[in-house]
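The two complexes that follow have chain A in common; it is paired with chain B in the first and with chain C in the second.
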Partner chain A sequence: MANNSGGFNDAFARLHVSDKPIEGRQTTTTTISSPSSASYRDVTQLFRQACQGLDVGQLVKDPNFTLFEAVGALEIMDPKMDSGLLKPGEDDTPSEIYQPVLPEEIIGIMDQLLSSEMSWHDGAALSQTVFTCLYIDNLLSLNPSSLEEAKFNLPPSETHQPGSPAYQLLHLVLRAYCVGLIKCCERVNLQILAEHTYEEEDFVTQTYNVSLLDFITVAEINKLLVSAIEYVDGAAAPWPNNIKMALKARLAFRKLFLTELSRDVKEMVDKRSNWDGCITLLSTIGITRNLGTAVPSVFSIAVQRKLASTVPPRPIVQIPFEEAFTIVSRLCKDAKEILRVLTYSGATNLMTFFLRFTARKPQPSTYVRSLLQTLFFSNHVALGRMQISHILLEDVKELCLPADDLFDPRNELSEMPSDTRFQIHQRMKWFVERAGNSYITLYRTICQNRSRLRRNLCHLIVDWDALQIECEEIDGELQQLIKEEPVLHNDNISYAFSLSSWVYHYKLRQMEWIIFLGFELEVYLPHEFAGMYWYLQYFLRTRLQHLERIRHFVHPGVAVDSPLAATRSKECIASAQDIANAQATVNFTLLEAAALQELCSAMIFLYTALARLGLVKTPPQPYSTDVMRYELRMKPFLTIGCPDVVPFEDFKALVDNPDIETMEMLEMASENTKEGRKHFDLLSKMSATSSHALLCEEGYRLNLREYLRSCIGAGVAIVMLSKAIKTDTVADVEVEIDQRSYHPWFPVPRISSKRRPPLPAVPPTGR
Partner chain B sequence: MDPSVAPDALLHSFITKTLRVTTNDTRMFVGELKCTDRDANLILARTHEYRLPKFNLEEVGRKVDLTSRYLGLVVVMGVDISRIEVEESGRGGGGDGMEA
Partner chain C sequence: MEADNITFKAFENEKETPHLDALRSLISDGLSEPYSIYVYRYFLHQWGDLCYLALDGENLIGVVICKLEKHRENGANRGYIAMLVVKEEYRGRGLATKLVKMAIDAMILRNADEVVLETEVTNAGAIKLYEHLGFLRSKRLHRYYLNGNSAFRLVLYLKSNSEAAQASGGHGRDHLDADGDMDIADG
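Our next item is the complex of A and B:
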């Protein structure tokens, strides 16, 4: 039996094999004939005979095992599933690694490695990217635990005598670069694992049990990189200056990039980051790009055969260098930009930054979005040095300016449960804890990818709705404690309800974002546009009314007659500046909401008119109806207390407006675009300070310009359509909905005549 | 084990046992048997793959590095199997015919 296939089976029979999951590197050393080893008995014949006694389709299985689980099994010997399968004639391990001699080849390999690394950043797995490099594999395969051990294990070569430039090139320069790159991957992985992102969707953190030089410090690696730079710079390296410059830039970039990726929040707060340095070195890498010679043979998919992986094999991903260069440049720029949040300049500014930064196209990388979450809140500290309660309360004050007494530091000092101050403090403490959690979650959610943002907002609004109700109760108790004087508002006597007002405002904004993101993510079909804009307009109108109410209560002299007036500490009294700021914030928010509402209204009329003219058609819905679709769209909002979801019949009548003539409808739409444009123009004239865009003025203005473009685009479409109706040429009109050249929340129909070439779109703003 | 026992009873005795399965391409898979059928298709849980080293075993003596990796749940088709062995615990070195 043992000699049926040479020495293999004999040797295998005496192998000690361990069934434990492997820790550390993917290869384990197994020793033959260990005395304690389990022994195996050949049962091939017995087993096969027994199987033949079974009926067709009969299974013998573990009662606890279900075939459902078997769906996830890897099928051995299936080329699509089995990463270990060798093709006929294929060698087991890749043949000897090619050992480059020329510095140009080393530059080429470094640039290929950068492409692999950035493909990983862009969402591919390590097994498809960095790990496919045979030099990386060679370096990691012995599971190095110290820098000395982290070296290439290559057979001696005549062209690489120790000490020769070719030898140094490989064993110092390329080794240092590879070690640095692996450590960069480790830092990135750690950062991404520390925050909330979506595995496989945003990023693959799987390392297949390979340790990414966890035990080697960044300082040691930086030293190695420095010695490599010194060698390249020195007289012993016999290469022309441009080659030296190219190698040096790559090594120096690796060193600085690693340093930046290793910074903790404290260092960033202390302004020690130097992403600009990375950007400068990158430009040198870009210029010297053509000096490199690609060496494709040092990358191989065969490496996947060795990786502990419960997933089928995946192809190599190596994006072109230009693309990788764009990704890494953007990463450095974005990582630098998010440091702006550390110069805190008010809660509203912070929120504007998060919204504008994450809305960018293409979206900032997973690493940067993860880092932004860490900067915002980690280890119970916000922005590296603040308490989250401070930012939260400032956000409330910036919009609603609640009564001064709620924020009096003396409240906290009171220990007598019957004391009003004590009772106020208890309630404010509750608010900070309860709303603080929702507030942090909101910021973190904004950092997720756009589809997840929309989905998660649908859950968040339920929480904010509950929070609103809870806060109304607390507001009621607080108004009694401070003896708040009611104010006449809209013929009703009313109280400020500051905390719940603030919550309601945020809730409404999130509801708007859900629908706006539906447009951005192209969830809705054109025939639904009118209805969805109607809902937006409905939410915006509700928010406008709410803002009017808030404005009514933000005024000097609130709670003058409070029983606490005599003992009030000076620092809590809202200054004239605070009051002016809150009023300015409300006015600005009102203007912004009004502008959006005008544009939404114009879109309702425009898309309804297009539907009437048969230019936007409802596709056949064999398994659906308008009612079902409406229910689906409204699902996130059904449980929300206020505002209500409108019954379908009413909704249909409100959107379709059967009593209004199409021409009249277009005139109204035209009025709306004009009003909207006026509002957006006003907004663009406001300073960054009053727009709360101090941290992201450029992005904010770009966004405004895009709104304006959609406004103008809609205006043009309305004119074209009216003209077609007047000249009775609707039949010749063609409509194409443009999602790309306008604001992603306001796609515009491009209207052209079939007889004439279409009008060009408004030139893009370079987003 | 007596070959005259009913086939499914015999096979049931292998369920949840650790098997070492050699495939036609000389790889070995060690895992816990979960399920089998008439064609001797096997489902193994917590499986490790073992691959033959490239060099000749005789030359390096009795110490050998064998590369293994964890694969988890796998299906091995009966037609691809050249050998099935069952682990026998507690009987030190006892496999009959193994020492030949």
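Our next item is the complex of A and C:
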């Protein structure tokens, strides 16, 4: 611990003395040239003296100096940390930038820049990507505040006489491209900063105090790009047509890309987006890719020395062109695809789109996921033109269809606190605000990266659990106000509890997602699979029962003598179609949950059988206990009121099923896969409308096929395993868990024989 | 490289820190993240007794650096394995396991409720080592390291929730803090 001796304290205290020179001591005041007029004082002597008071091994530590500060600290002169360090023989004077003469070189630089830009989109910092380009650096280093100022500052060159094609290539064509690209980066940064994403983790927005042409308008830049295109197109540009085409496509893409990145939601609602234009130009860029000549010398890590940064030097990241091309093409396609949400077609459809779109592998880029959040909700407007309350209440109605009286627009008009309508409205208003927040958060959370999604869901379910309890109370009050008629359900007289039922259903789904994502993210070890599938099966079974209950109460009745009956608005009364729709939604959701439950049940038996046969092994685990490991696994669910976590002993017995023979267990697993397959087949035959997959039919069907593949894969594994038991060849069996070829939520054991096929008669040639 | 020459010792009272330079270069070679001298000082100064060294004669060939403190106010007494490195030519001989066990045993003596750490998802060796001691992966951390790699958080409970709550005089592990991330950029 810090053990400050007196001598040290004295000297240390003097270090804190501000400007006053210390008596009897010569202190030199040096003003180091710096942007501000700060004056610096050399404290070397004082510091050395202070150190004299310390023993070897003694440490002075400020209690506020935490691990965070320690990790963030940089050590000057350490090559891993000091970005300004010059290695022996290195020179700090900027070398002259190579000035290309050939259009092929310009094409090459443009494509290298695209690689840099997409490396940034993919998670690297600007200091590792776009900013390492000496032309970008040259353009930005004078901090241009107008388009006129945004130009290269290069020494005169024999080969670049003003007006010559070489000069125009550099000072018009490449300049326009660079200016356009920097502005694109600014737009992307603005978008990402506007929504919830994780800095450094998803994306690095850090610009090191370099302005990304913030003061120059998109219109001005587009004009510059147009004049560059016109120059390339004109007679003064003496290049073959294919070269001209390549240059024009790159400039035109930059212009269109910048325009798309600059659109506001209103323009998107008005269908003014033109991502297809970008996609078309990209294909020309791809075709003319080979015309370019790379100029690696115009990229340099040395740029990092100048950037005001508190992070250690980081290597240049410039992914290969093909990869960058894939990323930018996908970005344009995805950005176009998310516009589908603006064609609102019901809340359930919207949720299906969010779930399917964000689950795609590889996951859509941070930019697109951020834009999706903006489209969903920004400036208090949902989907560019709706109230979030509308979507929320539709979501409730699509599943539960509560009593008409809750939605009567006349409720809002009542101003008498004693009036029933007023009281109903107060409660519904509370619900819209309280549940609305949770609902928006859920959508935003689904847009996060998969690791964060799982972690954030662990927090969200606590909120939804509380929301459920609060809504139960409100439901109770509402049922009195509307004089709801009780219904006999499972031998009990009961009420609909529509709002809390809807909340409970979403809560259960989120609990399932937490475990499913555990499989997707490879958080669970194979020996835990059976137990985790047991929990999924348990949550799904609970949800199935709950859905049965919801089905029973879709559109609850009100008493004939309800005081509201006389003044009820016609428009709030559910039509026969509304009732049929809600029932269809419940039935579809039941089928989907039943399919998943069958597959989970099959997996419990299959992985339990594998463990019994010693084919899936638990590691030694000398520390901790199974009970504690169970607690750790159940941590996200421990505070959830319903369904509750099962005591460990019961859990173990339920998963291990010691009373069931292994062969019998495999037969049961086989039955489950068959049932599951039947359900998934039924789901595949349903229309996109009935499946609520109107906005993402392709992704939805792909997901179903993956479930089916896991179902079939599990079926094959069960057959192989049964055969091995019957033929007494379990000892020859090898098991490998396949996480990749199946649904990411249902990894399948690949079962094969250890016995290698006999060696071929003729050994393979070679060596 | 005779196994007989290999000894283990706690960093503990190394006032002169003769191994500090060797320790830094060993870790610098073995781990991807750059650590400033402050990081080493931070750990060794406060939890030198939870740092163990493996030596071949006088040569430092392996090290584990840890800390142990309350995770948030009234939270669990949480041990943290910050760094573990064994020189490449000495790997595969169980030295790392031995070092980690020494650290965990010391944490148990000091009443730790749990031990946590992060490791790169691609580091199969390290993951296996910890899982063979009883750790579980609790979550995945997207692009956790400066090099862009993701991490697994690995957790080992040394006490059950009720024991941890009793011992801390508070509520022990914060259930709402299903997330409770370390305030460190790397492990």
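In this section, the second predicted complex is superposed on the first by the 674 of 767 C-alpha atoms of A that agree within 3 Å, B and C clash if a C-alpha of one lies under 4 Å from a C-alpha of the other, contacts with A are read in each partner's own complex, and residues count from 1 in each chain.
FYI, contacts are C-beta pairs under 8 Å (C-beta built on N, C-alpha and C of every residue); 3 or more make two chains touch, one makes a residue touch a chain.
As the structure is a prediction and not an experimental result, all values here were calculated from the model.
Touch criterion not met for A:F215: it reaches neither chain B nor chain C. When both complexes are overlaid on chain A, the residue A:A124 reaches chain C alone and has no touch with chain B. Of the two partner chains, chain B is the only one that A:G84 touches; chain C does not reach it. In the superposed model, A:S39 lies in contact with chain B only, and not with chain C. Looking at the shared chain after the overlay, A:P620 reaches chain C, while chain B stays out of its contact range. Contacts of A:Q52 after superposition: chain B is touched, whereas chain C is not reached. A simple residue count on chain A separates chain B from chain C, and the partner touching more is B. In the superposition on chain A, contact of A:K306 is made with chain B only, not with chain C.
In the superposed model, A:S451 makes contact with chain C only, not with chain B. In the superposition on chain A, contact is made by A:T639 with chain C only, not with chain B. Residues 1, 55-57, 59, 61, 65, 67, 69-70, 72-75 of chain A touch chain B in one complex and chain C in the other. Across the complex, chain A is touched by residues 14-17, 28, 34-39, 41-42, 45-46, 67, 104, 121, 128, 131-144, 146, 148, 150, 152, 155-161, 173, 175-176, 178-179, 183-186 of chain C.
Within the complex, the chain A residues that touch chain C are 1, 55-57, 59, 61, 65-75, 78, 80-81, 123-124, 198, 200-202, 311-312, 314, 449-452, 454-455, 458-459, 462, 521-525, 528, 619-624, 627-629, 631-633, 635-636, 638-639.
Only residues 1, 3, 6-8, 10-12, 14-16, 18, 20, 22-31, 33-40, 43, 45-46, 48-52, 54, 56-58, 62-78, 80-89, 91-100 of chain B touch chain A when the two sit together in their complex. Interface residues of chain A facing chain B in the complex, by the touch rule stated above, are 1-3, 5, 7-15, 17-19, 21-22, 26-33, 35-44, 46-62, 65, 67, 69-70, 72-77, 84-86, 92-93, 209, 305-310.
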